[in-house]
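Each in structure tokens, the structures are laid out below.
What follows is chain A paired twice: with chain B in the first complex and chain C in the second.
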Partner chain A sequence: MSRLVVGPFNRVEGDLEVHLDVENGRVRSAEVSSPLYRGFEAMLIGRDPMDALTIAPRICGICSISQSAAAAQALAAAGGVQPAPQGALIAALIQAVENVCDHLTHFNLFFMPDFTRPCYAGRGWHRRALDRFTPAEGGAQRAALRARAELMHILGLLAGKWPHTLAIQPGGVTRAPDERDRTRIRATLRAFRDYLETTLFGAPVEEFIALATPADLMRWSRGDAGLFLEIAADLDLDTLGRGAGRYLSFGAYPLDGGPVFAPGLWQDGGLAPLDTAAIAEDLSHSWMLGPTAHPFAGDTRPDEAMREGAYSWCKAPRLNGQPAEVGALARQVIDGHPLAVALAGGGVLARVAGRLLELARTQIALERMAGAIRPAERFMIRTPPVREGQGAGLVAAARGALGHWVRIEGDVIASYQIIAPTTWNFSPRDAAGVPGPLEAALVGTPVAEGEETPIAVQHIVRSFDPCMVCTVH
Partner chain B sequence: MSEIETFYEVMRRQGITRRSFMKFCSLTAAALGLGPAYVPKIAEAMETKPRTPVIWVHGLECTCCSESFIRAAHPLAKDVVLSMISLDYDDTLMAAAGKAAEDAMRDTIEKYKGNYILAVEGNPPLNEDGMYCIVGGRPFVEQLKEAAEHAKAIISWGACASYGCVQAAAPNPTRATPVHKVILDKPIIKVPGCPPIAEVMTGVITYMLTFDRMPELDRQGRPAMFYSQRIHDKCYRRPHFDAGQFVEHWDDENARKGYCLYKMGCKGPTTYNACSTVRWNDGVSFPIQSGHGCIGCSEDGFWDQGSFYDRVTDIKQFGIEANADKIGATAAGVTAGAVAVHAAVSALKRAQKKNEEK
Partner chain C sequence: MNLLWLQAAGCGGCTMSLLCAEAPDLFSLMEGAGIELLWHPSISLETGGEVRALLDRIESGAQTLDILCIEGAIARGPRGTGRFQMLAGTGRSMLDWVRSLAPRAGHVVAVGTCAAYGGMTAAGGNPSDAVGLQYDGALPGGILGEGFRARLGLPVVNVAGCPTHPDWVSETLMMLAAGDFGPEAMDALGRPLFYARNLVHHGCPKNEFYEYKASAEALSEIGCMMEHLGCIGTQAVGDCNIRPWNGTGSCTRGGYPCINCTAPEFEDPGHAFTATPKIAGIPVGLPTDMPKAWFMALASLSKAATPARIAKNAHADRIVAPPTLRPPRGRA
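Take a look at the complex of A and B:
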């Protein structure tokens, strides 16, 4: 048996290291280590609760609006207020734009470039992969960057700047769009639909959304999505890095008529009720001190001795004592999309296809949200300062379920705990020795003789779209 | 160094046409505030000079600077700059991985010794011997020192590298430390902001690549061409400030009318950046235009100055600013004048801060 340390990983946000025990050309066990710690939760203690709106988003430069939304919702919950419905709509709209941009970045900039590597020279699709996905030069990369920058005009318009907006508040948003803004938003969304339909999917997004079975999916041959599916079939990406099929979603985009994607828990092939009180963070293999605790009761004290037996700054969140996978696939499975349900429990293919499916479905949701903007209505209600109370903000970040739990005592933050999507997916083992979702997914992965950074491991790690800066924060 | 291609050769190889190249030169001249006479100079420099290699490293940060950069307004400018710097080593965007990537960085350092620019995003945490940020099994601070040793200049991207930013917020759990406090023997240009504006980033790097020197810096080491004006002075809501028309609550009628956000804690009066002129996301907007005050994210220590919604109430400070305005008016667009004024105001602010701490 040999031990392999894979890392640093590039084309992931932040730093990551994976330790592999390899036996007979396969991974026997894996340990995932998050080597970056900044201590956001410690900084927030003792501050004015509203400071969370500026500090928490800076955990992450690519999902900062999700962090803003979670912080604003946690503060609203602590104060017992509901945002103005039109304010909630705008917050949902800009968050959805960010999520779409993140999915686009992941596919084009982070995930697909692995198929341009020399180890795939000779494959029928390699030439086309090079044309489309060579970093900074590939046609797909350039097109995606341009489409993304243009779509982000909506963030400029409604959020002031991106990354790190300040517009989302517990009572709504600071920016009340007028009729002209609404027209511009709709025009921008139409242009983005054009990009999706000419480049990424090569067909109307409705056609992609109508796919109901994996067999239908694998027949899709148009656009860059088609190239991915051709590669996925050739390399059998469905069996690579399969998950346990236990998914968690806090739902996405709470609007007046209910969320766009439903919250829930998926296990043993079916839906189950989600009880967020049953979430707890286990610290047995993490360089953190303290007992296993629900985020309202937990705190963050790094173990400066970096004790033996622990191997990551990341805590191990568990739901009813068990790990859960989060992400676009999890959201789409829990929302009941037939293709996603059929892909549940799948590996690299399922995760990437889940993201493409969510991209297509979110485009439709965005168009509907833009149509529902009513410039004459209020976008913010007045919220008194919160002196005492606690609340949770549970939202859908691009990479999966994101939660902020805040406790306010004597006008200041007494405790602030965050569980980010990659905290779930890349968690270390818990006290029972149960590995986190990525650690479990890596078991059985083929490692070729002499491979120092096994390509299959790279595909699996990136299929989760990790955000390491969020993971530990 | 003759084996290194010129910028123009690199661009041609990337399929950029002569026409686009000339357009880029005009854009660059405009972005840098240079007249049309500079266009042929820029073109000539790019045709004859070997490309300057860039190594881009990441410490404690959130990648927001990279995100801002790859979204730079003019697609042409971004494409050209990306191809120009070719990101000889960038761990967020490059194709190589793991050890191959680490080797690529060593090779780049070796090959271009003394000739490359080191771009730093984020900062090194120094507590626990740097163990809070590990890259390739080593503390980031070591990677940083190694890459800095043979760099000809360093760009500190964003508030993290320039000043520490939020991870240095009290109690600064990891002792996150800005680059210039770790690297003491290299010229460093600070491009603060959280993140900096994309066009400011491309502007700075284009200037350095084209003219092979640092742009003029203010006393804090920021490029004067982008950081010499107060948000407040170029703010489109300034007339409402002067007229005494203020937003009092987020949801009031005055908010809808776009009145001044000073009473909502806007830090525009004490912040130097290009937000109110260049704006964000392709010039679409900036925080004040979205109805929220400026938080001063390009100023040192913005994260630990009391609530972000506290008014800049210090009357004395406003007195100083009023003086600065008068002097600024006399200097009338002379950059050096504006910089001197800024330095004076900053010195006063520093003194004031000290007094408050006592």
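Take a look at the complex of A and C:
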């Protein structure tokens, strides 16, 4: 048996190190380590509760708006207030724009370039992969950068800037869009649809959304999505890095008529009720001190001795004592999209296809949201300062379920706990020795003779679209 | 010119913002400026062993390094070991790597307020004991020391901002690559003057409200946010309202205050970010280069002279009173 240490692991957001025990050309076991600790939860303690809206987004430069939304919703819950409905709509719209941009960045900049590697020279698709996804040169990369930057004009308009906006507040949003903004937003979304339909999907997004079975999916040959599916079929990415099929979603984009994507838990091939009171963070293999606790009772005290036996700053969140996978695939499965349901439990192919599916569906949702903007209404209500109380903000970041749990005592933050999507996906083992979702998915991965940084491991890790700066925060 | 980019203890948001560069896009900009990426964690193909080999070549001198960009603060904890951030796969802390690589670089660029001064990573008691490359907050020093000079003679160039505007970074890099950036191009805190010689106040769409001290009392009101809502755009450097963000945005255009994110120690203002601290009802921290008595005198005068249109709009969430139309003169 040999041991491989993989790092620095790039084209993931933040720092990641993976330890692999390899036997007979396969990964026998994996340990996933988050090697950066900053201590955002500790920074927030003792501060004015509203400061969370400035500080929490700065946990992460890629899911910044999701952090804003979670903080605003947690503060609203603690204060027992509801945002103005049109304010909630704008908050959802700008969060959806960020999520779409993140999916786009992941596919074009983070995930696909691995197929340009020389180890794939000779494959029928390699030349096209090089043309499209060579870092900084490929046509798909440049087109995606331009489309992303233009779509983010919506954020310039509604959120002031990206990342790190202060526009989302417990009572709504700080800027009331007018009829001109609404017109401009619609025009920007039309341009983005053009990009999706000429470049990424090569067909109307509705056609991609209409795919109902994996067989239909694998027949999709248009756009860069088609190139991915051709590669996925050739390399059997379906069987690579399969998950346990236990998915968690807090739902996405709470609007007047309910969330755009439903919340829930998926296990044993079906939906189950989601009880967020059954969430607890286990610290047995983390460089953290304290007992296993629900985030309302949790604490973040780093183990400065970095004790033996622990191997990550990441805590191990569990739901009913078990790990759960989160992300676009989880959201789409739980929302009941037939293609996603058919892909449940899948590996690299399922996660990436789930993201493409969500991208297409979110375009439609964005157009609907833009159509529902009513400039004459209020976009924010005044909310009184929260002096005492506790609340949770449970949202959909691009990478999956994101939760903030805040407790306010005597006008200041007494406790602030965060569980980010990659905290779930890249969690270390728990006290029972149960590995986190990535650790489990890596078991059995082929490692070729002489490979220092196994390519199959890279595909699996990146298929989760990890955000390591969020993971530990 | 080649460039190595490392992400230290930060959020990665300055890279994400940089990817928003437009007309042309980032990759075209870099190509046009002749800047070749040796490695960037979000962009480059190379991972794991390939990166370790590159770092070894730079360290041994086999590979020349022209520009080293560091994004994120440097975590010194716990207890000075730097182990709160290990550069994955290398068994060494980021602290150790940056200390080793910086003297080998032609130029060192701190991208973002974290890398420059510690920034948000150093907030709230600074759990990771983070500092900037050449500053600890406003104090010269940091991990490289006040006397540090990169190979070509410049101290660390502090492209501060949280996040940085994409153009602040790309234009600094293009000027460095072209040899157009010398010590005279930086302010006293090492920030490029091309954006630090402006105030966020310049070009702020709330200027008319400011003139009359027609102030918003709560977020979502469109009046000036200086008096009550913590805005320090009159003191903060940045051309945010001259060269907007993501098309047409800026913090104040988004309806929320400037929190002086280009400055050292902005992360701990000593009061809530969105509240203006006051003594006897008078805001503390007035514009730095205006005599206080004059400011107070002008403010009370202009408040008294506030036109009804401006007073009304200041407390609304949109313009409710449009400009008064004058009948055209002449053509009788």
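What to note about this one:
By definition in this document, the second predicted complex is superposed on the first by the 473 of 473 C-alpha atoms of A that agree within 3 Å, B and C clash if a C-alpha of one lies under 4 Å from a C-alpha of the other, contacts with A are read in each partner's own complex, and residues count from 1 in each chain.
As a convention for this text, a residue touches a chain if its C-beta (ideal position, glycine included) is under 8 Å from a C-beta of that chain, and two chains touch if they have at least 3 such contacts.
None of the values given here were measured: they were computed from a predicted structure.
With both complexes brought onto chain A, simultaneous placement of chain B and chain C is prevented by a clash.
After overlaying the two complexes on the shared chain, residue contacts for A:A42 are found with chain B and with chain C alike. Within the superposed three-chain model, A:P204 lies out of touch with both chain B and chain C [touch as defined at top].
In the superposition on chain A, no contact is made by A:G371 with either chain B or chain C.
Contact with neither chain B nor chain C is seen for A:P338 once the two complexes are overlaid on the shared chain.
Applying the stated contact rule after C-alpha superposition, one finds that A:P113 touches each of chain B and chain C. In the superposed model, A:L155 lies in contact with both chain B and chain C.
The contact surfaces that chain B and chain C form on chain A in the two complexes overlap at residues 5-11, 13-15, 17, 35-39, 42-43, 48, 50-51, 53-55, 58-62, 64, 109, 113, 116-117, 134-137, 142, 145-146, 148-150, 152-153, 155-167, 169, 171-176, 302, 304, 306, 313, 378-380, 382, 452-453, 458, 469. Listed in rising order, the residues of chain A touching chain B in the complex are 5-11, 13-15, 17, 35-40, 42-43, 48, 50-51, 53-55, 58-62, 64, 84, 109, 113, 116-117, 134-137, 142, 145-146, 148-150, 152-153, 155-167, 169, 171-176, 302, 304, 306, 313, 378-382, 452-453, 458, 469. On the side of chain A, the complex with chain C involves touching residues 5-11, 13-17, 33, 35-39, 42-48, 50-51, 53-55, 58-62, 64, 105, 109-110, 113-114, 116-117, 134-137, 141-142, 145-146, 148-150, 152-153, 155-167, 169, 171-176, 178, 302, 304, 306, 313, 375, 378-380, 382, 452-453, 458, 469. By the touch rule above, chain B contacts chain A in their complex via residues 14, 58, 60-68, 70-73, 75, 78-79, 82-83, 86-87, 90-102, 125, 127-128, 131-137, 165-167, 169-174, 176, 194-195, 249-251, 255-256, 275, 279-282, 284-293, 295, 297, 303, 307-309. Within the complex formed with chain A, the residues of chain C that make contact are 7, 9-17, 19-22, 25-28, 30-31, 37, 39, 41-52, 75, 77-79, 83-90, 120-121, 123-125, 127-128, 130, 162-163, 218-220, 240, 244-257, 259, 261, 267, 271-275, 317-318.
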